[in-house]
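Written out below as structure tokens is the structure these notes cover.
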Amino acid sequence: MKHKSFFWFVLPSVILMLLFIALPIVSVVTQSLHTQHEQVIITVENCGPFGCTQAQSVDQEATQALRDAEPLGRFAGLEVYKDRNHLAVSDVASAWQNSNSYREFWNTLMNLPFYLALAFTLTYTAIVTPMTIILGFVVAIAINSVARSMRGPTIFFSLLPMIVTPLVGALILFWMVDARGILGTALQWLADDPSLSVKASTPLMWIMLMVYGTWSSIPFAFIVYYAGLQTVNQDTLEAAMIDGASRWERIRYVIIPHLAPLTTFIALIQLMDNFRVFEPIISFQAQAHARSLSIAIFTDLGGETRLLSSAAATSVLTIVFVAILLSPVLVRTWRDFGTKN
Amino acid sequence: MSVATRRPLTVKFVATSFLMLWLIVAAFPFLWTLWGSFKVEGDFFSKADWANSLFGTLTQSETGGSFTGAGYFGAWIQEEFWRAALNTAIVCLCVVTISLTCGTLAAYALSRSPYRYAFWLLLFALIFRATPPIILVSGYLLPFFEWNLWGHLSTTIIVLVAINQPFTLWMLHSFFKNIPKDLDESAMVDGCTRFQAFRHVIIPVMWPGVITTGLFSFLLAYNDFAVTSMLLSKENQTMVPKLASFLGTTQTKGNVMFAVAAVVSITAPLFVMILFFQRQIVSGLTAGAVKG
Amino acid sequence: MNMLKTALLGTAIAAVAGTTAMAGGHGCAIDSGRISIIGNEFPAIQSVAALALECAAGAETASNLTADHQTLNVAGMTGNPAEYTSAIVANSSIVALINEDVIQPLDALVAEYGADIPPQQLITVDGKIMAVAFMANAQHLVYRKDVLEQAGLDVPTSYEEVLAAAEKIRADGIMENPVGGAYAAGWNLAQEFTNMYIGTGGQFFEPGTANVTINNAQGVQALEMMKALTEYMNPDYLTHDSNATSAEWEAGNVALMNMWGSRTGVLMDAEGSAPEVYENTVVGGPLTVGDSGTPATTLWWDGWTVAKNISDEDAATTFQALAHATSPALLNDETMSQAVWLMDGFEAQPVNEGVLASVAAGSTPYPMVPFQGLLHSALGDNIADFLQGAESAEQTLADIEAAYTAAATEQGFLQ
């Protein structure tokens, strides 16, 4: 395709992405390199319905002069990235030097908020992504064998976890897994332990979050695989059967290779989405047990004083980690481009 | 003879029972919500005994019947949920149309370009998709307020289209790669311009892929909370933020059931839609699908 | 401290005469300018905003009452002209607006249009009126009269007595987990620590600076008391916000809890719980911890502000409409029990006694300090580690201080 026609074809899409994604990313990166100005603090008397108290306040006039001089804030370089709430460079270095064992070092590391969040996020991604792919595949195979007339409703019900608004979906599940909810009671009965409570235990909460994550993304994998199954070459299958291939062998040697490119696509999208895990943690009120990188951004932005630079730094780190995770797929795409020229 | 008819019984049994199990797991929370939406809050979120929500003990004592439509009445009539439904319809229609128009043009060009910059564009689209949406939305607030763009449906539509563009590009890109190049190139040999070739040769065969991508765009616009809750004013709210406002930080009695009724109301049209489009969805996915 | 008490108790007599006189006195036919309110969405604020918009019906009106108000208000008031002409805030959230310099001092407007706003409603910072408060709130004890009687206990006044009572109730087999509290990790948990730490007489910061000083004996005492209480709570306490805690109460599973005054109304009505629960729900006063004499609770107000970047006409419209909406004209049978209102003419309802008792006991207002919010976030993120037994109290407090220090440095409060 000529450069000129390429340009006009991609223009609307590129303008949209530049304006609403690339520009904000640039401002996020800029923000993460700056911190707020030094605030001039004075002691004032505050009065209200409960009487008067002495309290600190920001001297607006003095601070305003600093703000006008440098509207972006103080340039801090990588300071925000290196502070304790992010990569905690100095804490990690001193822990490395002072720890007597790897275990002790690990414990110190897990006491730092960023590494704790990273640990959960990686575990979540590493477990939910393959689970989604495997179960989505199995569901697709199973639905593909259902009588044609039943497929419409079956597909609808299989899509429900993706369709029902996560906001309320999780609210209802949150109630269901309560120790007195229907699932919680069922679990207690299964484990034969009346004091079992999912919400009180960190390991169970992690499992719960991962089960929910898998449950809600199976439909995506399923629908993509289901589509792929429709294009499996029937002749090849027949030929395999004549050669005496068992059902398992047909899946292993005909269907799975056929679906391999789809798996790459699903893995790509799922890795990205799982790495940004956010909604389930909020809906299950699980912040005490599990924190992800997105949750860290959310708390920075949601507090009474908004930590913009801190949230920006965590966002940039998230993007970097996603890029690292996806690099195998990206290298593959690069090679594909090379061969097709 | 087709493959399906020659399955041994045990395999069929295992497949069927797995499917039944999956359908129960997938649909149970929704069916539970559907049933519970006709109860009062005390039953639906019963701390005393979970069986109350099956039998409606408190519903019986508070309303006199085993079922009540109070949640639906409150949501649709009292809280004017229909306005939100109307807004959602507008947003979805516009997002799907604009998203697919921009997406097909760009994805077609990407699939036909032999140059490296096409790869870099796809790669950047992927990096864009990795950005956490919360930070994007919080970045929009200040300029939108400043330029008086905040609160309008049109702003939200454009933002949703833009955020959704990377996914649309990747998906459609794979579809277009499966449409043979000879098709449009022979049209160009016959004297068509690139756009004419796209218009007359590609558009007629691209629908299956476009419909599938459209389905995902539609679901995104339909279910979005992060963008719509922050960028829309009260009167322009779509269904999901409206539903969230029924829940609120301080849950007022009865309002939670409005939210539950609203969930059922939101899901019902999708059921009709999927039944209606199932042939297109499946055939759309079939025609080449998403071979990354 | 005593202003509110006198005002509230005094109004019982003064109000009868005052209400009629003032309702007529307030002109409310504004038909020019613009009013646009942003605020939280609980019923009391809904009532205020509805009356303000009705009062300014002739002008350009809008309101956005949402749980996300804190994210939207600064951005929405920064533009010129500002999208929102008024933000409804509390003593914790007003500091963000003052820090960003988006709200204007109200002295001139009060002088021109607000002569009849009683002084206890005016919030001044460094001598300048920055907001007009309209309601008060606080956390205090709520208890089940029947359960305490059955166990033969007096109403507890301190957390030590709560522990003893809980032990007795459990030992008697009346309830397994008799104590409740909004201990959900995050804002709620941080609020409980703030209460408890104030109750021990601790200081959050070195006087006059932003240097945090909570890693001390009082900090440990506060954490230990919280942990002792959680032994008598539902094991899921770290996921229970005030909604979930109220639901536990209505289910009849809890006999003693520290709860917001604004939440007790729904616990005492007939909806959602069995008669033995709502008939026996009684509000008590604030609880103490140790022997510092300061109640372990904080006092809160909600009030309205006026944006800086708007025309004088819009400011006047906004001020007059909101002044009317937070005057005695607001009070009627429906709104009376929605909150502890600060305007003249408010008659305390039984549900309000807890908040009034907290005020009368000389409780401390939640600190209106620019960096308190940063400490609150750090507390909310870290306390759960201690309560779950993952680390020592000292380690938790050190983590909180380190997290706060990093955040405060980024914000320019510390060097």
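General remarks:
So that you can tell them apart, the chains are marked A, B and C in the order they are listed, and the count of residues begins at 1 in each.
Simple rule for what comes next: contacts are C-beta pairs under 8 Å (C-beta built on N, C-alpha and C of every residue); 3 or more make two chains touch, one makes a residue touch a chain.
Computed from a prediction, not measured in an experiment: that's the story for all the values here.
Comparing each chain's Cα centroid with the centroid of every protein Cα atom identifies chain A as the most central.
No other pair of chains has as many C-beta pairs in contact as A-B. Distance from chain C peaks, on a Cα-centroid basis, for B.
Measuring from the averaged C-alpha position of chain A to that of chain C gives a distance of 34 Å.
The centroid of the Cα atoms in chain A and the matching centroid in chain B are 18 Å apart.
Averaged Cα coordinates give chain B a centre that lies 39 Å from the centre of chain C. Residues of chain A found to touch two or more other chains are 178, 301. Chain C has residues 71 in contact with two or more other chains.
Of all residues in chain B, those touching 2 or more other chains are 45-48, 138, 244, listed in ascending order. Taken in their complex, chain B has these residues touching chain A: 2-4, 6-8, 11-12, 15-16, 18-19, 22-23, 25-27, 29-30, 32-33, 45-50, 53, 101-103, 105-106, 108-110, 112-116, 118-119, 121-136, 138-140, 158-159, 161-163, 165-167, 169-170, 174, 193-195, 212, 219, 223, 225, 240, 243-244, 247, 259-260, 262-263, 266-267, 270-271, 274-275, 278, 281-286, 288-292.
Note for the complex: chain A touches chain C at residues 35-39, 41-51, 53, 55-58, 60, 64, 74, 80, 83-85, 111, 113, 178-179, 195, 197, 199-200, 202, 284-289, 291, 299-307, 309-310. The touching residues of chain B, when paired with chain C in their complex, are 41-42, 45-48, 62, 138, 141-142, 145-148, 150-151, 229-230, 233-234, 244-245, 248-254.
Residue ranges of chain C in contact with chain A, taken from their complex: 1-4, 7, 70-71, 74, 91-93, 95-96, 98-99, 101, 120-127, 133, 136, 184-186, 189, 205, 208-210, 234-241, 244, 299, 301, 342, 359, 363, 365, 367-374, 376-377, 380-381, 384, 388, 391, 395, 399, 402-403, 405-407, 409-413, 415.
Taken together, the chain A residues at the contact with chain B in this complex read 1-3, 5-6, 9-10, 12-14, 16-17, 19-22, 24-25, 27-28, 138-139, 141-143, 145-146, 151-169, 171-173, 175-176, 178, 180-182, 185, 215, 218-219, 223-224, 226-228, 230-231, 234, 237-238, 241, 247, 261-262, 264-265, 268-269, 272, 275-276, 278, 293-294, 297-298, 301, 311-312, 315, 318-319, 322-323, 326, 329-330, 333-334, 337, 340-341.
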